[in-house]
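The structure appears right after this line, and notes come after that.
Read from first to last, the chains carry the letters A, B, C, D, E and F; within each, the first residue is number 1.
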Amino acid sequence: MNENKIRNIVIRAIQEDIWTGDITTDCVVKEDKEAIGKIIFKEEGVLAGLPVARMVFKEIDSDLKFNALIEEGETINADRVVAKVAGRTKSILKGERVALNFLQRLSGIATQTKRYVDGVEEFDVKIVDTRKTTPNLRILEKYAVRKGGGNNHRMGLYDVILIKDNHIRSAGGIKEAIQRTKDQYATMIEVEVETIEDVNRALDAGADIIMLDNMDIPSMKKAVNLISERAKIEASGGITLKNIKEVASTGVDVISVGALTHQISSLDISLDLAQE
Amino acid sequence: MNENKIRNIVIRAIQEDIWTGDITTDCVVKEDKEAIGKIIFKEEGVLAGLPVARMVFKEIDSDLKFNALIEEGETINADRVVAKVAGRTKSILKGERVALNFLQRLSGIATQTKRYVDGVEEFDVKIVDTRKTTPNLRILEKYAVRKGGGNNHRMGLYDVILIKDNHIRSAGGIKEAIQRTKDQYATMIEVEVETIEDVNRALDAGADIIMLDNMDIPSMKKAVNLISERAKIEASGGITLKNIKEVASTGVDVISVGALTHQISSLDISLDLAQE
Amino acid sequence: MNENKIRNIVIRAIQEDIWTGDITTDCVVKEDKEAIGKIIFKEEGVLAGLPVARMVFKEIDSDLKFNALIEEGETINADRVVAKVAGRTKSILKGERVALNFLQRLSGIATQTKRYVDGVEEFDVKIVDTRKTTPNLRILEKYAVRKGGGNNHRMGLYDVILIKDNHIRSAGGIKEAIQRTKDQYATMIEVEVETIEDVNRALDAGADIIMLDNMDIPSMKKAVNLISERAKIEASGGITLKNIKEVASTGVDVISVGALTHQISSLDISLDLAQE
Amino acid sequence: MNENKIRNIVIRAIQEDIWTGDITTDCVVKEDKEAIGKIIFKEEGVLAGLPVARMVFKEIDSDLKFNALIEEGETINADRVVAKVAGRTKSILKGERVALNFLQRLSGIATQTKRYVDGVEEFDVKIVDTRKTTPNLRILEKYAVRKGGGNNHRMGLYDVILIKDNHIRSAGGIKEAIQRTKDQYATMIEVEVETIEDVNRALDAGADIIMLDNMDIPSMKKAVNLISERAKIEASGGITLKNIKEVASTGVDVISVGALTHQISSLDISLDLAQE
Amino acid sequence: MNENKIRNIVIRAIQEDIWTGDITTDCVVKEDKEAIGKIIFKEEGVLAGLPVARMVFKEIDSDLKFNALIEEGETINADRVVAKVAGRTKSILKGERVALNFLQRLSGIATQTKRYVDGVEEFDVKIVDTRKTTPNLRILEKYAVRKGGGNNHRMGLYDVILIKDNHIRSAGGIKEAIQRTKDQYATMIEVEVETIEDVNRALDAGADIIMLDNMDIPSMKKAVNLISERAKIEASGGITLKNIKEVASTGVDVISVGALTHQISSLDISLDLAQE
Amino acid sequence: MNENKIRNIVIRAIQEDIWTGDITTDCVVKEDKEAIGKIIFKEEGVLAGLPVARMVFKEIDSDLKFNALIEEGETINADRVVAKVAGRTKSILKGERVALNFLQRLSGIATQTKRYVDGVEEFDVKIVDTRKTTPNLRILEKYAVRKGGGNNHRMGLYDVILIKDNHIRSAGGIKEAIQRTKDQYATMIEVEVETIEDVNRALDAGADIIMLDNMDIPSMKKAVNLISERAKIEASGGITLKNIKEVASTGVDVISVGALTHQISSLDISLDLAQE
């Protein structure tokens, strides 16, 4: 991860919450009061986001001491302390909500991802995310997917050629679409297909990765046999915790799941303050 | 809402996804192709976010025509078209994912809020949100809460004095905490209390709003009677769709619910493209 | 105050003055020269802005040592040294003008505010500022008001409901205007009135604060009696050092004075350099 | 003036005031209400800043019509309308305070400058400003000086070599200081001097402009005679409306006056709204 | 290309040149003067950058009319007019230098690229650029490479896995390095090799693209035979117009040339102004 | 130079290259690996840009140690180590390309400038640059010119009055153009002339610097004699290493050369990594 980029996200989040000042804390809490805050998991889940929480507190007050007690990506039981932050009470109170908002969302994503990854652990298949992320938090949400044991699909429209149905229709066919990209880029090409006929067209045109979009299990199996080693195979669309094992059993290389970032609950995490 | 502020969020989200360019679309789709995209609700829910979706498309290509067919805040059946966007196919494809990511999240929040509001419609009580929002999207998420029929609590630490337990402990008591804010601000003061004793202390010190934090129903009733017209009363903590009616029945003025923005699923909304 | 926000103001001010470089100092002063600068009040006044001056010097050169000798908000005699800055001569010269520009303006505001506050010290009334501040310096100017013993009215249009005459006319009456805000916000409402009839309307509609705008003293007294404990009372408009005591004697709770930030002279403060 | 640069100042000022939204106007004023606002001088003064006021309104709502009725730089009688703004009532109300804050300050500066310029109209001398400007508004304040009939001294540390006493002391003498700048820049050099001896040293070293700092009138006359055509001559320090004519009479080419931007009162200007 | 991203580059370039204002033009040229500027190639070359030049003029004055007379990527003879810009003389003069600075550099790159592409036209090989671009202009320089007939290698460190010698040494071998990336990403892997042994290791570990770094021609031929269809092949390092045909004849798929952006001369292009 | 301004350029350049992360290095290189990188000149040239390279590495990882072994502006032989950077291997690899891109370009400019300066060393004349710089790198490129022994002409349109032919035509003559600037600014005026008649007009109108644009050598000599001490003299246009000595021999004070920044090759400089 690029720390400077994440710092910008963190600074904006702090500005959003504090803006011209934390008027309550500035009135009520004396400058020299000190405290220790414990960040506690209130329910079981996978930890992701402590480096972001640390950044929040350090941006607010570089004198705060932040101790991460657990490694990112570990599964944590309820009531466990995952980190401590010590220093000025004012500074801890100012950062509390923003730090937790990041941590709860990212740990929620990691926890969700872990469930999908665990569901296919007997297969040689990778679980990847999609572009269905929260606007302006993608870099962090994709980080959380990795901490949950998943892998990342493309970061955005700029880093991978992925020819979808609308592109194909607009170009007049799979062959034409692939040819146009080959004219301009010397890189890997992924194509989305919905039928076995399209699988053949994609193979003929030289696709490097073929994404089977919303196929039923028998078609998927047929496609996997047909493609064999000639291209990588990704399954996508309508994949849930219920059907993921069956999808994995078809032999696809990669399964992309929008729900990793799109249908998650923030984990219940709190900060308890012991004033000194 | 401040349009300039939202435009900044939208521009950053577009940059996040497109960065140096949509390499697939730029290769495959010809400059002069045109199409019409229909934005369709795939499940029932409350609409929120079309002005943001419009901004996404307009930022990418100011020639795109965007027609909102439904008013923000309406409840929509599945399969209904809520807006159309027409113009260059390239531009529609570039904006699709970002526009939907905003729309799905905001409509998810409005839909969730509507459930809480409907749950207490027989009472004269307001449902309000909290600061448990997605970092850097608070202004939009609070907008979605309003569209779902809810009201907004404070925007951040800067606009309302809200004295919480940690502030009280740090100041050495409710009375001291309130006094310190009165020395510096000529504005309304809200205080969080957990016991009836604290309610009395808050009243004596001149609190304008008293927040009953995680109180059981009998205590809440006692507090409401005690406070009467001397302050506004807010219930907070552990409030769900199951218990909200009972909470409302105690006579509190306001109920704050973190789950409005913190435990939501993005609504299933898609963009269907008809190429011309 | 939010330090990050103020740092942005400071950085922009430095860039405004230095831009591509201080060409004189870079040519003339050797890299390793050191000096001590003394910041001196050339006339009596209230000190405000040393933390901003410190930030200016630290941003330019983090090795500079800045010692504040006096507490913010103290009244200083002419010729008194209020702070010292030591380190590279080049760095001190580069920051001198920007640091003084901030310090002179903020101390000017604090000094002005102190005069108004002293004028009403026998009354239980608060002097507050307005939104008539220098564009992009409001957070600092409101800070200076506090250091002069004043209090702050709202920071901007976003943090307090204040219904003024144009709002009332547009809504069709005080009652309608207040009702519309109550439909959307669960917060305190302030209403501006010009006549005793309007005071009654505002009370009936449930205003929390009533601002008496440009009322003469007898009307003000009548309004104060009428409102009594039913709402807070603010006097506003045409208040000067000459009439403020009479206004305070009517029993209003708050007096807002645009001149605190709008009609001030920068205080005469200089930096004397002793080269080593 | 660079319009883009000023637009940035304007946008920040709007954000400062509106931030997440004008909550009063958004609640109370209906979307389709229209009005005409008249900007009125409440006291006599020189007009400066209408293009900035226009920008404020246009940034908030590009549909607003803004008509300037008077040319920048004209002297206006009290009660005269200088501009009209027409369109959505909401938009006019949102921009009112920010537009006036700019206009009042800039017209105050132009009015002040005009007094100094008028004071020396019988002489062939230019009145110029200094770097004692409000942080982050320098470009606008220097514009207002020009509209008041003054000229601009340097914009910042980056565009003119001006060797002051601290530079000279640090370099070990006027000659050394000038020589060091000549080694690096092929541009005009201005030097600040306090004595006749220093005038001679500056002339010998090849200064292009000599600034007579805080000299008494007899010394100034002597310096002017001595320098004659060999360099331009600037008088600076302690110059007020009382003594400026005497200073001009010494024959200096330029008089710099910090008070143009440093000791000014905002002019009394208001916006009257006629709702339709 | 992402227009918003390029607009940011253009705006910064304008600010860099104009900053507080074009003082000469603002003094000398009257507001209502109009003119037509012709952009003329003074030497033969490939055109690239007109859309950027247009953006410069439109940013400065949206009323300027800009007519591109030639398509990007065409080879232009000396003395040919490639575009006209018409409107306010002031605006044309303000944008002239910045527009030309972009256009001259980008056309220089396109012209240089064309020479390399022409040199291998008989072969089925692609000429690609590197990351040796001017800081903060990469998106534009890579665009110019495409207009000259070249293709783009990766945009930055973020969009393609490219394992270089230092990575391999740090990981302890090609196999280990490839394995680590496969654990985290489901994407294409490129590996840099210097010897035939390394080619074998890369093939065994499953590299998708093999970059032959600074190999002599016989080794390159051997490597091409060895790899055959098992991976794409890129030649890199020390490639000039003199040896590029020989490199292409080895049968590699792609040749990367740092000199496309790193050793170029700006093309001689001028703007001639006909005042009206 | 203004360090903050340069830091912004550096940060943008790093973001351009790394964006969401260096995916190769993050996968392959272990967090705790350390190395030493040597920055080596592969060809002879003048060093410029080490402080920028240092900033690149420090921005990426403030723990990296950067040791400059040579002074800026020195001429370096091929194969000489000019600096070392030590610390985390990951951090060195992430910064390598960006640091070199700056260093190679700036040293290329310094080397080029040195050739021109050396070509006229027997004359009392200054070599200065122009505004033909790379967009958004001007401050750095002008720094490199100084390190090569050159001097800087104006930074942009904002800091020097330079009346060119188009200005003169638009104003209706040299006299009118100069008069208009004198009405508004109390600063030095430079005028571009092409004929001896224009030289006379410029002198009469009071120009401070006269730029002889594209004059042949005999005309230049005539102009120099005519102007004598009445103004500074600059030669400009079509000046190359071949004719610069002859131009200098005419007695002009300053020669401006666009090629210093416009026709340069990046110097060949590399970073060699010794892993520990």
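Note that contacts are C-beta pairs under 8 Å (C-beta built on N, C-alpha and C of every residue); 3 or more make two chains touch, one makes a residue touch a chain.
Keep in mind it's a predicted model, so treat the numbers as computed, not measured.
Visitor: Quick one: how many steps at least from chain B to chain F, stepping chain to touching chain?
Guide: Steps on the shortest route: 2.
Visitor: Could you tell me which of A-E, A-F or C-D has an interface matching B-E, in the sense that over half of the contact pairs are shared by residue number?
Guide: A-F
Visitor: When I count C-beta pairs in contact, which pair ends up with more: C-D or A-C?
Guide: Comparing C-D with A-C, the pair joined by more C-beta contacts is C-D.
Visitor: How big is the gap, in whole Å, between where the Cα atoms of chain B centre and where those of chain D centre?
Guide: 45
Visitor: So what's the Cα centroid distance for chain B and chain C, whole Å?
Guide: The mean C-alpha positions of chain B and chain C differ by 32 Å.
Visitor: Quick check on chain D: which residues sit in contact with 2+ other chains?
Guide: Expected reply: 2, 18-22, 139, 155, 158-160, 184-185.
Visitor: Using the touch rule from the top of the page, what pairs of chains touch, sorted by label?
Guide: A-B, A-C, A-E, A-F, B-C, B-D, B-E, C-D, C-F, D-E, D-F, E-F
Visitor: For chain E, which residues count as touching chain F in their complex?
Guide: Within the complex, chain E touches chain F at residues 9-10, 12-13, 16-25, 27-30, 33, 35, 89, 93-94, 97-98, 101-102, 104-105, 131-139, 156-164, 166-171, 177, 180-181, 183-185, 262-263, 265-266, 273, 275.
Visitor: Provide the residue numbers of chain F that touch chain C in the complex, in ascending order.
Guide: Touch list, chain F to chain C: 1-2, 4-5, 139, 142, 155.
Visitor: In the complex, go through chain F and note every residue touching chain D.
Guide: Its residues touching chain D are 2, 126, 128, 146, 151-153, 155, 158-160, 184-188, 208, 232, 234, 253-254.
Visitor: Applying the document's contact rule, which stretches of chain E touch chain D when the two form their complex?
Guide: Contacts found on chain E: 11, 14-15, 18-22, 26, 59.
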